[in-house]
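Two complexes are shown next, each including chain A; its partner changes from chain B in the first to chain C in the second.
On to the complex of A and B.
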């Protein structure tokens, strides 16, 4: 329905109404002659005998599809309560009920970040009232069709028709009342909040029924009439309130804080949120304070102090070749540390320090630049040590069987982690492939073409089976981690190709200008070439994100409990819901569709807002 | 020391550790060593772990019997691992080729629908695209599969057209045309026909160039090949002597010592390097024959020489590679010799109608029809629908990319609607459409690997079963990668060939 509505905008502007003030109407003609409904119908549906035939045939096909779909959904044979009862399973798998507040904390944090970002980045646009009226008119028409075509009882049909008529009447009222006031607009965010409030309010009012499935109880399925359980409707109401409050806070703060700093802070928070929420909130590690104090903190302190000294020396512009040699020696030591037994965190920290040291001349400058660089090293080191310790600490949340989350959460987790890790890797590969150094180019080209030539599922199967064999004895890696490594390699190859397209669009003049002001090649790449290249490749990158999100469904094949696996194997395995695969898979596809469609729409809006693709 | 002239400063070499070229090459060689070292380390580790579990990584499982039943294909009960993988490859190829064909047809329809004058058709097109593009392929596939499993059971009177087309929960069965024993001899006749076809085309082209009349040279060439194909139906037994020839070649290859391919490979590597260096040098020679090489160029030449020597070393020290080359080429010629050694009455093609047989209590499909299992059908529909949405967008974009003036100019000259499309718009749009659509063909081929989720016997599913039974994970994965890489390569070569042809037409 959303699809019909929002894509309506561009086609109906050609039909008669004045183009909306939103950037959505891309191909709006300068002057559109006002057509009445009948003229519009004649123009667009019955302009020639061939067109008449086409219209009739398409109408029949559309009605048949719509009716078939409704007959499928509302067939009394369908077991939709399989989905309703197992919603918790589909979202988080077997996360313990008494710890569920952690899940809500995660949702709240993500919602707060989303609302703040929406406020800071000025999300949303204005719709004219007549536009809203027209959209509601479409919705009402679809509702009428729905009421007439669905296999309902007479009373239900009447009820739905009544609802449809109310919507239509309201739409017509809006259209008529907006005749005089052309400038009157409503924010799309207001509409969004109104719709969501309606949905949340319906949880309190409409008797959807109270469904729950507890395997240790008899009867295992509880389906009471009435509204949904309090443990569902209360948190969701709270979430809505939190999101709205966060949005208004963001708006209030927007004008008082420096814009750039706020945006960078938000981006850093977005990057930190997934690992922190997963490994600190959801996993709830039982930190061994003794170990932390005697091992982890000293290592951190040593690296922080040593790194500070080293980096402040290296970022001094007067430091010459000696600095480079020292950084190379640290890198070599980092690699050699794998040959002798020591703590993994020591090796990782040393490699990270070597990379920071090698990049130091690029960021060198006055005391401010030095301080900033050292601060970012300590920040990264802190986050890294914290996370590595958290991941290596056993969890207090006991989840039966395998990984501690599942369902939709693991889909999102794998997608986010894969994207975040493969992003720098993909950029590095793209730079290597376009570099003038033949061995780098050769290695990158072979890797990219090899990975792009084989299907993802073979990579995932290979990694889930083979990674345990590749590891030295005594080292273990969970299946999910192994799969993420394989997925990261796959994703980075495709990402590299997208970035390469952007890199190739940078003209030589840019590089020559950078050379002329005396930048080193690292500075040239980091500050001149990459920002422009990434800007150009935003549309394919968003497409890549959607692809990665969609293809996480492949985890179901190798037996990870993602939402598809639960819908296809686990729920039909419950004796109460045998044979409910079709319903579950349809529900899963609806969820995937909503996410992917919203992302693609958002990318189109972004493209129009930044004016990409018009240059 | 201190009062050096500028001239002397320039001529003085930079110290080695500050020379950018040297540093670049040191970094590169260092990275190469790290990558090779990591791979060697991992392989070593895997080897140790595999030996610890008593798993050997030989390819002899291809000749040993396995217990696999395929859902459909040229051999549903293969007796060796190699045969099973081969039958599975044929399944994947069938699926990909049929998928590419139908996805293209449907995609063009979708793309045209999105550009239609008719509002309703346009709407239908965009619903199609937006729905299918945004749902994961695997979810769609599983949904189709779960819907198809509710089809009625197979009975002796299963329709829709009993004896010709059967649809039931055992799959879809239809008449089939298949390659019979005489096919390879017939193929030789057709291949021979290519020479006269090429001559005919050149001749007709000459007439066209001279007279200016349309002599349709391509059609004539196709007609010639068709005539040879027809002729081949009658004369193909004349080529059965080729069987003896191939048998002789197989014996010859069998008698060759192991050193022959080794020397061949080594010579190839050294020759490639030599040719590359020679070309490199001639490229850097000025018109007067003066050679000017930078340090970077010297490093490149040295690297090429060292790389070729490394290949020679690997080839000489790894005798298994040359033995494998000899064995597999002998096997190839033996198979060819078998294919030609058939009696003269064999037909190149045969056709059969599907049937339903009752063995025991339950009726089932017989072997005579072309049967598409439910898994095959769901994978097929899923990849066709999914890819059609993407191809439809390519088609739409390609047609929109043709400037409007082109169609208007053609209209002004007096061309009709069909002519404008055929001669003006589509040829230009095709150039834009082809590259992304080629990518979609690659994606479709790779996407058929999801068949494992619905139990259709494609190469991934059968490969998984094989390594579960034999423990040969690495060899099976190597076969997968080789197969998919060669599929990708073939498709890219074909698409690129068309691309180059289209570009030549441009100017």
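On to the complex of A and C.
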């Protein structure tokens, strides 16, 4: 492109540049004087008589609560053995011990993905040494309080005070030594790895004891002194090593691979991981090769070949109205296929193909774009066929009673599946509710208002009991799957409302700008409206995620053995640990809190990061 | 890459446009918002490479008219033909016209979640179906031309108003339009930034782009416009060549408006 007079351009560059862009301000900003701790306390806590009173009263109340909690935890009557002995039960329920390597594979895969993502997305930030000192100072203070308030023996109190003093001394040393070197920082990731290494190392050194519950005909409790079992400390050590290695691999790859492609691959892997781990690794299906060769592969091949031909035609920019008509017919055929008996996979593939066909014009383009689109269709089809086959294949893992995993695993599984499925559904509902088509608007509004008017527990009970009765003959749906479907519907209605709030924040100017450059409404929604709407909705969406995670505990009511149910009913049911409910529930709450708090932190970081593009 | 702006290099400020093609034809265009008539039988023709400035008091229907030309608003009566395509409810015609007509808004309307480079390349990649590398090098050339190549990786929120408006111009140009519409492009800018935007528009006009500009910048109108159109109450009151318009306006209302604004 030529055409504009170049001399004019240079004059524009020289004259029109606002001073803000040129580096004029070399002067450092004025330093806000740092208050010492005493000054800060004086200014914020004891500035007026009323404030003094408030501070004293609050401190007394907090100390009393803290003391009460410690007195509860360290009361000799407490049966913490129940938790210690049943840790495996709480995590995975009755998953067979000899198959436990499968669990560790899942943990490893998730850790590898986490580490890779942290590397690729530049997770972590630099913390100045004095900041670390300040944090340690807080930790030390809490330790002192802990040592003084807990009902320990004198010897134990002394030991804890000693630990606290060491921490405080180290903190003060850091604060002092960092005076001169303001620029010295340490990565939060280094701190994280140091902390985790400390924890893992403590498994090898500190005699936590070796506890286990052996569920034989007459159950036996194993409680030996010493460090934890090798089958616990060795895998965790390995996991830490794997995570660190994966992180550095990610760092090394980061600069060599194209950024966008790597990120998209990782996101796809994250989406594939939960079903693949659950159905292929944990469940270990016994594939019937004969059935695979005669039924599953031919169906896959038919859809792959037919889909390739269809989509190559549809993604050609010259294909016009006829393409849309064909896509609509396929969609209709997909829905009609539910009226006649046929394999579920044929119907699902048909619907998926219809969606790909409808979206094709948006992604049409040159041969490269076409190839990419067809490849993503074959990829999705392959994964879908593989998973559906795996789901329909009986498992080789034999677990007595109910679903094959339980405890924390099922809590996480239900939460992850519900969220992953209800996100696209909720977004679609929100778009439908704000669309200009009255029929979509009406349906979406009715659905949302209907679901929001029913308690979650009702939906879960309905889906666990009633849905299997309504299913067409020949179709089976496990109770857990049925419940997840109900939960997905519930969650998507709430998600839709959160996303709708974000959609309303998009100004008309944004839509018009997209219209003016000729975007179709699908492109406008995908590239302009949704990214901005979702960004605005991050806080309520994360709140929703935390809610979904916590409310999985309602599954207990329909007989799923989640972690809360195990803590509340199963462990107290063991003769050795009768009456340990309080301890178990406290422990379970701690676990819930750790997860929920991490999600909340992640949301704050996400907000800060995406805030970069804010006006 | 066919570039409409290379069509002809203008030699003089006074151009002979009598033989040029009509690219925008409006015939008796009327539009109502409810009961309120915003456009009243607006008729005008704009020729290829012509620069037309639309003047008028606030609320006179300038924005409404210019937005009808790329169908951001629908007219209810009359005909609008852009580059031989008549604007009707037919989606394909609307798509065709929108890809021929670039628009620059008063409020910039950059996409705040995308970098400057992505703002400029988004439409060429997804609407024009250009390969990304080609779109990016074209975008960099355009950013160079509007004078801010070094901001390519920043986000709109990190730029000054004048820089944002120049990005908006680059974004519109990236679609290689034959016509550019400007709706008060400098009204939301601080005075010291107006010039940098007007300079870009000036060079664009000199390169032979067909332009329709709603503005209150009389200096720009006098210097760049081939023709002025004065609107009031949804009607075109007077249209004339720049020189005639300023030196001897025929209508009373034009005289009054000019006396207030000059």
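As a convention for this text, the second predicted complex is superposed on the first by the 568 of 615 C-alpha atoms of A that agree within 3 Å, B and C clash if a C-alpha of one lies under 4 Å from a C-alpha of the other, contacts with A are read in each partner's own complex, and residues count from 1 in each chain.
Everything that follows uses one rule, which is that a contact is a pair of C-beta atoms (placed from the backbone, for glycine too) under 8 Å apart; a residue touches a chain by one contact, two chains touch by 3 or more.
From a predicted model like this one, the values you see are computed outputs, not experimental measurements.
Q: Going by the contact rule set out at the top, does A:335 touch chain B (first), chain C (second), both, or neither?
A: Only chain B; A:335 stays clear of chain C.
Q: May I ask you to name which of chain B and chain C touches more residues of chain A?
A: With both complexes superposed on chain A, more residues of chain A are touched by B.
Q: If you stack the two complexes on chain A, which partner ends up touching A:54: first (chain B), second (chain C), both, or neither?
A: first
Q: Of the partners chain B and chain C, which touch A:45 in the superposed model: first, second, both, neither?
A: It touches chain B, and chain C stays clear.
Q: Looking at the overlay, does A:454 come into contact with chain B only (first), chain C only (second), both, or neither?
A: Touch status of A:454: first partner only.
Q: Under the stated touch criterion, which partner chain does A:588 make contact with: chain B (first), chain C (second), both, or neither?
A: In the superposed model, A:588 contacts chain B only, not chain C.
Q: Which partner chains sit in contact with A:385 here, chain B, chain C, both or neither? Use first/second/both/neither.
A: neither
Q: For chain A, which residues belong to both interfaces, chain B and chain C?
A: Shared contact residues on chain A: 3-4, 11, 15.
Q: What does chain B use to touch chain A in their complex?
A: Interface residues on chain B, with respect to chain A: 17-18, 24-25, 27-29, 31-32, 34-35, 42, 45-46, 49-50, 116-124, 126-127, 130-131, 133-140, 142-143, 146-147, 150, 300, 303, 446-447, 449-450, 452-453, 460, 464, 473-474, 477, 480-481, 484-485, 488-489.
Q: Considering the complex alone, what residue numbers of chain C touch chain A?
A: Within the complex, chain C contacts chain A at residues 1, 3, 5-6, 9, 70, 72, 92, 95, 98-99, 101-103, 105, 107, 109-115, 122-123, 126-127, 129, 131, 138, 141-142, 144-147, 150-151, 155-157, 160, 162-163, 168, 171-172, 175-176, 192-193, 195-196, 199-200, 202-204, 206-208.
Q: Inside the complex, what are the residues of chain A that reach chain B?
A: 3-4, 7, 11, 15, 44-45, 47, 51, 54-55, 58-59, 61-62, 321, 325, 335, 437-440, 443, 450, 452-458, 461-462, 465-466, 468-473, 546, 550-551, 553-554, 556-557, 564, 568, 581-582, 585-586, 588-589, 592-593, 596-597, 600
Q: Could you pull out which chain A residues touch chain C in their complex?
A: 1-5, 8-9, 11-13, 15-18, 20-21, 317, 320, 362, 364-366, 368-369, 507, 509-510, 512-520, 523, 527-528, 531-532, 535, 610, 612-615
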